[in-house]
Structure formats: structure tokens, C-alpha cells
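In this document, chain identifiers A, B, C, D and E correspond to the written order of the chains, with residue numbering beginning at 1 in each.
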């Protein structure tokens, strides 16, 4: 299966759930998927044995500073589920708000996703429902609650911390 | 013996400081006699917050920061990152630079696999093999030091090219070194596949079927030793791998022995590839100019590190600093296999098993997996002793 | 005045002091040989001495949760056992200081003392590595002890005595027993490796698995004594095997040549093999070691009866 | 050493102690957050090409047996407690050698939220070996420098 | 199916010269490309600060004594340097160089790892200024080293 056909297959598989499809690079397709449809979309890819989960990348998308008089816009978090099949890359792009960063867990479909999901929880503050383990993974056990290092609002401890 | 009255969980911690691990990671193996019943991994001892740190460093500075994610496969990190930035900036590096990057990447694979061979032998208590393979590894270390000026962090890459050239004299030195190493690798292959005492430690240990490997998301030699034909260099060739394809090394064994064989076979292929690349080096410049501000966009780059597939996700917002860099290192994927495979093996096999995936804590310090396939039994010291007596009857 | 010679024999030569010194020298030779086998330079000649002196000068930490008395006493007992065992063995070719009809058995028991103490020392501490090391040490003790004993029994049966000195004399007057009892010799030599927990039988103190096994919690003096004890045991064991199988030991030169020859072979074995898992060790000893030794004994007895 | 010995005796004992200490440095290695570049170079110093056993250096697994703690890497938040614990577990006299630039100052990882800085901010350090990573020769140089300094100390 | 398959090799090693280099006693030259200690040539410097912008480890600082006459002092923190060569690459005037001679930099304290490069009188001037009460402490009374 060459790259183009692979991407076409992915597109037809994800047709029911993809809100928009873009192709930033010849070997890479982005599918924007609603959080509610994520499980079904992943299931469809896996059922068709389309590649494997390469990574889940979290991205913080803080709202730009509001213009005069406007109400502040809502900040978002995006999770990119990247699937690789040969040279082809399919990205499922799921966006949630800071206020309610809830995503379903895909660990039932792909057990190895647990590590990425835990990273999302710890580093970005996602709330992933039904993920098997939620312990601290990388950060020390005494890490403060509700501080997520990879969010843009986090800028270190400002030197107040000392050994 | 002091607390034999109250039941205690018998858990053997390995790490973060432990002779088997030159890097800190913390494992807890629940043991039943000598049999491992559960495996827990706690990482994070080397978590340095690199992904966050990239966001307040410039694209150039990040090259060096990311190189230091892992000291063993430093070059591939820099290379994959540089490829990504160049892609974002829309520049194409000169062909000679591509070849040099490929050669260094392959030399790094040689060093990494020989290192691994030695460490794995050391874990198996075979110090002589460890000493010999590390002695021979010095050959490739000398080559790399002569080329780049550092034995470990070669810093081959600049954004937009490479720092150093390989002249004819150096090329000849590399060829000579490879001839020597090839001969030695044949010898190690013989030792690893025929020595009965060593086979006793590797054969049928940590066997992982192809299905398991795929399900657990194994990558690199670990996956290839389970028969999964997955190698970025052939799947999605980058650098000079288009013109000079690799030969995929796959083995169906799935056990530790297969991992030895796959890695050693890969060495042979790497020797061939480096010679081929040296013979076909195009002439030309080494660098192109890349602007300090990288245009907005995002890319996903994959490369094959000695340990497996390395994924970089770069997102630029158009400034001189990246917006988000995500690194998915190969060891991260292979971790999951450990806790699955460990259960049911002897405690003595654990170091070998751990090393079998060629773990790199520094690389991926970003996870913990807990897998209690069997609940670790609560054992009193008495029960343990009784069990031990039963077991060795 | 007559008492002074046994005392010298006991304390200085060929007893205590000499034994310890030669133990250190033999440890150096062993380490040096392994280093040379591995193509490196290896330690300097005074290395073991420096190690021991340094350990003696170091702070001794007694971990919490151990029986203090045992913690301190076990290394001493182990060391004493090894030293006492040497009394019955023709160290450096001199007739043993003490000797009686069944001293072979006593010597073998005394030699096991060290291992037992090691096991107890491990079990005494609460450290998990020590505990596992202790179980492994004792497991290994049970596995190699019988074959080792059987292997040393061969020469005793041929010589028709349980007295080490007499066996030594017998071996010196006859053809080297290694020729007639090759299997026994091999089992004895490998048994010695097992006894001293040297590679490939170093599972009880496998660095990469359980740090330092039973000795993990020992620092300073205890560690030094255990190491010294092992060195002494190495000398005693080598002497035993050399005198039984390599045509007896009649003078210091013979002692030196034969034991060092054995040491070269032993160091070779240490660097040639990967570490055996403890279950492999047990399997090896009971399936192969014991069998070989038994076959050997059987042949000897048959030959003896036929004669 | 509470009992007073004649000073000549004490001197002799001291010099023997120093001699033994200098000639038998057993090391334990701890990675407090390094990229393991330094770690493999430390391991390389034990292999045939460099063979630190010439100086009596022996890699030990248990902190109880070690005299010298070789530490690499910046100290991460997670590793700090472990580092202190290992240091405390070592019997006196003990020495610390830091290998690699990040262990000295934090190096490229300076300013990161999970990095506490150099090793000397957590435990006292006796010798510094800069380099990223230092060549094995440079590490040997560092160890020899430490041992030389021990000779001079009473 | 062999036991002790390395026998030939180890036996040969016993009689072969060890592979060990007698390092502290015999010092072999490092390859010319080696990236050792950083050296700075104040005569060529124009003060563009490109090297400082690109340094990933904050290891170099350029102290401007007199901008017009191009008098600069570089403070080099050896203990931070990662010897990555980026500053050398960035410098368009070739005033930086990583030495292949000086790579044995171990020392018993971190003080000698702060190195000043520049003209003698400039360094002296700076150090005197730093030694004055109330001066920025970070400059510290460090032993100067001349390029």
C-alpha cells in the first residue's frame, strides 16, 4: 500500500467522523474529530488495521489576549492522535476547552496508549475518562496540584524554589 | 528476620541507583521465590522538563538541548530535529550534508549496538564479552571523535547543514575501522549464538510474539526481533536512505537471543551501508542559510534511532522560538513490553530483559506504567523461605 | 619452650598471618589474571591489601533492624572457620600443624562455615537484596557441597584414609590422581568456584541483580573480614585440590607452582562463562556435578573391589 | 580513635590509612538526571582501553561499600532525595566527584522547572570534571586529581 | 553448541599486550577536531554578541569595557559550557576556538572554571571594579587567565 492509497483509505475510513480534512504535507493528513467521536474513529482505524498509534501529542492553545471591550476568548487544549502506516501519517485532532478538558480513553482499543494518556493528564491537565492509571508518571510525587508544566501559562517557579 | 511476624510484600526494587542500570529508573518486581509476579516501573528520575525548556530557547539553542535528551543516540535527536526545522523553514540541505548526516547516524548505530552488546553481556554476568565488545567499540568512538571532536555528543548538525566534512583520509580510516569491526562482529555473532552458557541466559527468555509486539507498540530492534518488519529507514526513507536503502533485519524468535541476532545483523548491514555511502559521497557545500525566525506551521518527523522509531512533532508560531516540541522516543514504546514480558520469569533474568529492549531512561523520561497481570502475593518471609525450599527441591 | 613452635605455626607461619598474606596475594593473582584475560592491565600487586586496610579504617555502619551481636560476630566466625580449616591442610608444603584420622571431614565442614555465616549475615539484615542474596547463598551451598565432597572423597578412597596429610603423601607417591580421576578433579575445581561464589557461580552476589547479595549492608570491618576469609578459603581450597589431584604438595615450590597453575585455570573459567542463574546452578550441580562425582566414585569402588 | 596513641604511632597509622584510601577508591555511580553520555564514558573508563582498575577503582553496587560517589547530570526534583540518601548511606570518609557540565552547573538544562541545578547544591562535592561529556581520559584526570588531593590531606 | 567459545580469544589476550593506554603517565594527543576548552581572541571581536545569543548553556558573557574602541572582556564559564561548537560556528570573525589541547579541566573547586579572556589591562580593570564594595557579587574575585 503506497502512501497515497493509504491516506485515501484512512480518509474513507474516517469519513463519518472527520469534520474537516487537511493535507499539510503529501504524506500527512489531518482529521479534525469531535471528542465524542474519537473512540469510534480510533476503532475504525484499528479495525481496518490501519497502521499503529505513534504518539499522542498535547498542544496548549491559549486564547489570544482579548481585544478592547471583548469578553476573553476561551483557551483550548488539543490532543493529536498520530497514526503511522508506512510513510503515511494520519492525525486525529481533538480540541477541548481548558474549562472542560475531558477526553475518552482509548486504552481499551490500544493498550499501549496509556503512557501517552498519562502524559496528557500530567503535563496538560487533560481529564481522560476511564484511563487505567492516573498516578504521577514523570513529575515528583510532591508536585503541586493543578500545575501543568506544558501549559503556556506555566513559566516555572520563578526562582522561588530552592534546594 | 526481625519482622517475620507480620506479613510483608516481598518486592525487589531495582533502581534508581542500581548497578544494573547506569541510568536511574525505578522498577519494583514483586517476587515469589525467584519468580517475578508483577512489575512496576516508575520513571521520572531523569525528567528534566526538556519539552518545556524548548519553548523558551531559540531554534538554534534547542538543537543542543535536544541532543542531550540522550547521550547514546544524541546524533539522531539532533538530526531529526534539524530535518524538521528545515522542513518548516522550507529549505533543502545540500546532498553532501545529507550523506554526512547519514554516515554519522549509522556510525552512531554501530557504537550504540556494540555498547548494547557489552551492557547486555554484563547484565548476564559475562564480563569478558562486555570488556571485549567495549574495547572494540573504542574503534568507532575514535572514528567519531576524529570526525566530530567529541566522543558522545557529536553535534554533527547545524540547522541547515552539518558542521564538518569527511575527507578522503578520514573516509579511509572509517573503512579500515569498519573492516576490523566487521570481523569482530562475526566473532561476537558466533559467541552469542553458540556459547551454551550464554544461550542459557538468552534463549526463550522474554519471548514476545508478533501479535504481542504489535499490540504493545514495540518499535525498533525489539519489534523486529519479534518479526515485525518496522523500520523508518525503509518505511519512510529520509536523508540518504532513499538512494541507499537498508536491508530490513527481521527475526521471528521474539526472545532475547533474537534481539541479539537482529542487532548484530543490523551491524553488518550498517557496515555495508556506510561503505556504500562513503563511496558515493556527492561533492558540494555543507550548509545552507536558514532564517532565525521559522515560519508558522507544524511538522511531524520520524527517524530511526538505534533503539527504534523516534518521532518529533514541531510546531512553530513564526517566532525565533518553537511553540511546541514533542519528542516520542523509542524506549518509551518499548517500556510497555517489559511489564508484560517480565511476569513469570526469574528475577535473575530481569536485568537482561530490561537491557533487552536497550532502554534509555533519559530518552523518554515521561512515563510510568503499572501492570499487575498477577496480583503480587503477600508473602511472609517464612512463606518465602518455605517456598524457596519447595522450589529447589 | 616447646609450646612456642605450635604457637608460631598457629599465628604466623603457616597459620594466621601467612595465610592472610597469601590469601591477598592469591586474590591479586586472580584479579590480575582475569584482567589479562580481558586484555587489560589490571590491579597493582598491593591492591587487595590496600582494599582490606582501607575497609578496616572505614566507618562501620550497623543498619537498624539487625541483631547487632550477630552482625559483628558473623564475619569473625566465618573468618575463624576459614583459618581453622587451614590448620589441617599442608599449606606451603609443610606438614599440617594438626592432624588426626578424620580431619578431611572437619576441614570441609569448616570451609562451609564461611558460606553459612555469609548466608546468616544476609538473613540478619532487613535489606531485600541481602535477603535474596542469603537465600541464594544457602541454596548454592546445598547444591555444590555434596558434589564437592564426593569429588574429594575419590582420592580419600583410593588412599584408604580420611587424613589429609596421609592422602597428600599417598598422592605424592603415586601417579597424579588427575589422570585417573579426571571427572573428580573437574568437579572439585568447579566446586571450588561455587564455594567461593566466583563467576560463573556468582549469582548470590550478582551485582546486576541484587547489588552485592548478602554483603550489601556490610561496610568497613565486616566486609574486610568476609573478603579476607574468602581469600583464605581460596588458598585452602586450592591447596586441597592441588594436594589431592596434582600429585601432592611436598615443598613450597611445588605448592606455589601447583596452586598457581590451578588458579590460571580457574581464572580462565571465571572469564569464560556467563553467570548462571541460581536455578541453572542448582541444576548443573545436581544433574551433572553430582552425577559425575558419583560415577567417579562408583568406578573407583568397582576397581578397588576387583583388585 | 579516642585513645591517645604515641604521636609517632598515630602518624604511622595515619599514613597507612591514607595510603590505603588513596590506593583503593571504590566508586558508586549515580545518575541524577544526566543524558547518560557521561555515564557511558564512566563505564568506558573501566573497560580495557582505560582500565581504571589500575588505580584500584572498582565499581560497587552498594553505597555501603563505596568511598567515592561519581555523580552525573543536573539534579532533578525526583532524584534529589535519592542522591542525598545514597550520600548518607555511604560510610565515612566519602568523596564526591561530579562528571559533566550539567552536573557542575545545570549546563544546557539551566532554568528548567524540574532541575534543581548542579550537584553541589545538594551535597558537598570534592572534584569537578567539566566536559560534555568529558573524555574518559579527562575523567581519569579528575579521579587522579582527587586522589592526589587526598594524599596531601592528613 | 560450544562451551567457552571465547577460549581462543582470552588465551591470546593473556600473552598479548593489554589494550590499556597508560593515560596519566603517557598522554596521547587528542584528534585535531576535538572540542575542548574555549578560547577567545579579543583583537578580532566586534562585539556582535551572536555567540552569546546562540549559546545553549549561557556559558559565555561579553562584558563591554569600551564599545567604541572595541575593548571587550569575555567571561567564560567552563562549568556550564557544553562544548557544542555553536559559538564558533556563529562567530563570523573567527575569534572563538575550541582547543584540542586543553581538555583536562578537572579541578577541586569551581572557582578556576570562571575564566576571563581579554586584554590584560581590561581584565584587571574589571576585577578591581568587581572587588570594590557594593559591586555585583557574581563577578567574584576569580583568578584571571589570559588568552
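Criterion: a contact is a pair of C-beta atoms (placed from the backbone, for glycine too) under 8 Å apart; a residue touches a chain by one contact, two chains touch by 3 or more.
Molecules present, by chain and UniProt name: B, C = NADH dehydrogenase.
Owing to the predicted nature of the structure, the values given are computational and were not obtained by experimental measurement.
The minimum number of touch steps linking subunit D to subunit E comes to 1. Comparing chain pairs A-D and C-D by the number of C-beta pairs in contact, the larger count belongs to C-D.
Put simply, the chain closest to the centre of the protein, by Cα centroids, is B.
Centre-to-centre separation of subunit A and subunit B (NADH dehydrogenase), using mean CA positions: 25 Å. Chain centres here are Cα averages; for subunit B (NADH dehydrogenase) and subunit C (NADH dehydrogenase) they lie 42 Å apart.
Subunit C (NADH dehydrogenase) and subunit E have Cα centroids lying 52 Å from one another. We define each chain's centre as the mean of its Cα atoms; on that basis subunit A and subunit C (NADH dehydrogenase) are separated by 62 Å. Looking at subunit C (NADH dehydrogenase), residues 35, 37-42, 129, 207-208, 211, 271-273 sit in touch with two or more other chains. Residues of subunit D in contact with two or more other chains: 47-49, 51, 54, 60-61, 77-78, 102, 107-108, 111-114, 132, 135. Residue positions of subunit E touching 2 or more other chains, listed in rising order: 3-4, 6, 10, 18-20, 30, 56-57, 82-84.
Of all possible chain pairs, those that touch are A-B, A-D, B-C, B-D, B-E, C-D, C-E, D-E. Here subunit D touches subunit A in the complex through residues 75, 77-78, 80, 111-114, 116-117, 121-122, going by the rule given at the top. Looking at the complex, you find that subunit E touches subunit D at residues 18-21, 23-24, 27, 30, 56-58, 77-84, 103-110, 113.
On subunit E, the positions that touch subunit C (NADH dehydrogenase) within their shared complex are 3-4, 6-7, 10-11, 13-14, 16, 18-20. Looking at the complex, you find that subunit B (NADH dehydrogenase) touches subunit D at residues 16-19, 22-24, 44-50, 52-53, 56, 64-65, 68-72, 74, 115, 118-119, 130-132, 134-135, 138, 141, 145, 150-153, 360-362. Residues 28-44, 47-49, 59-61, 63, 73-74, 76-79, 82, 86, 102, 107-109, 111-115, 132-133, 135-136 of subunit D are the ones touching subunit B (NADH dehydrogenase) in the complex.
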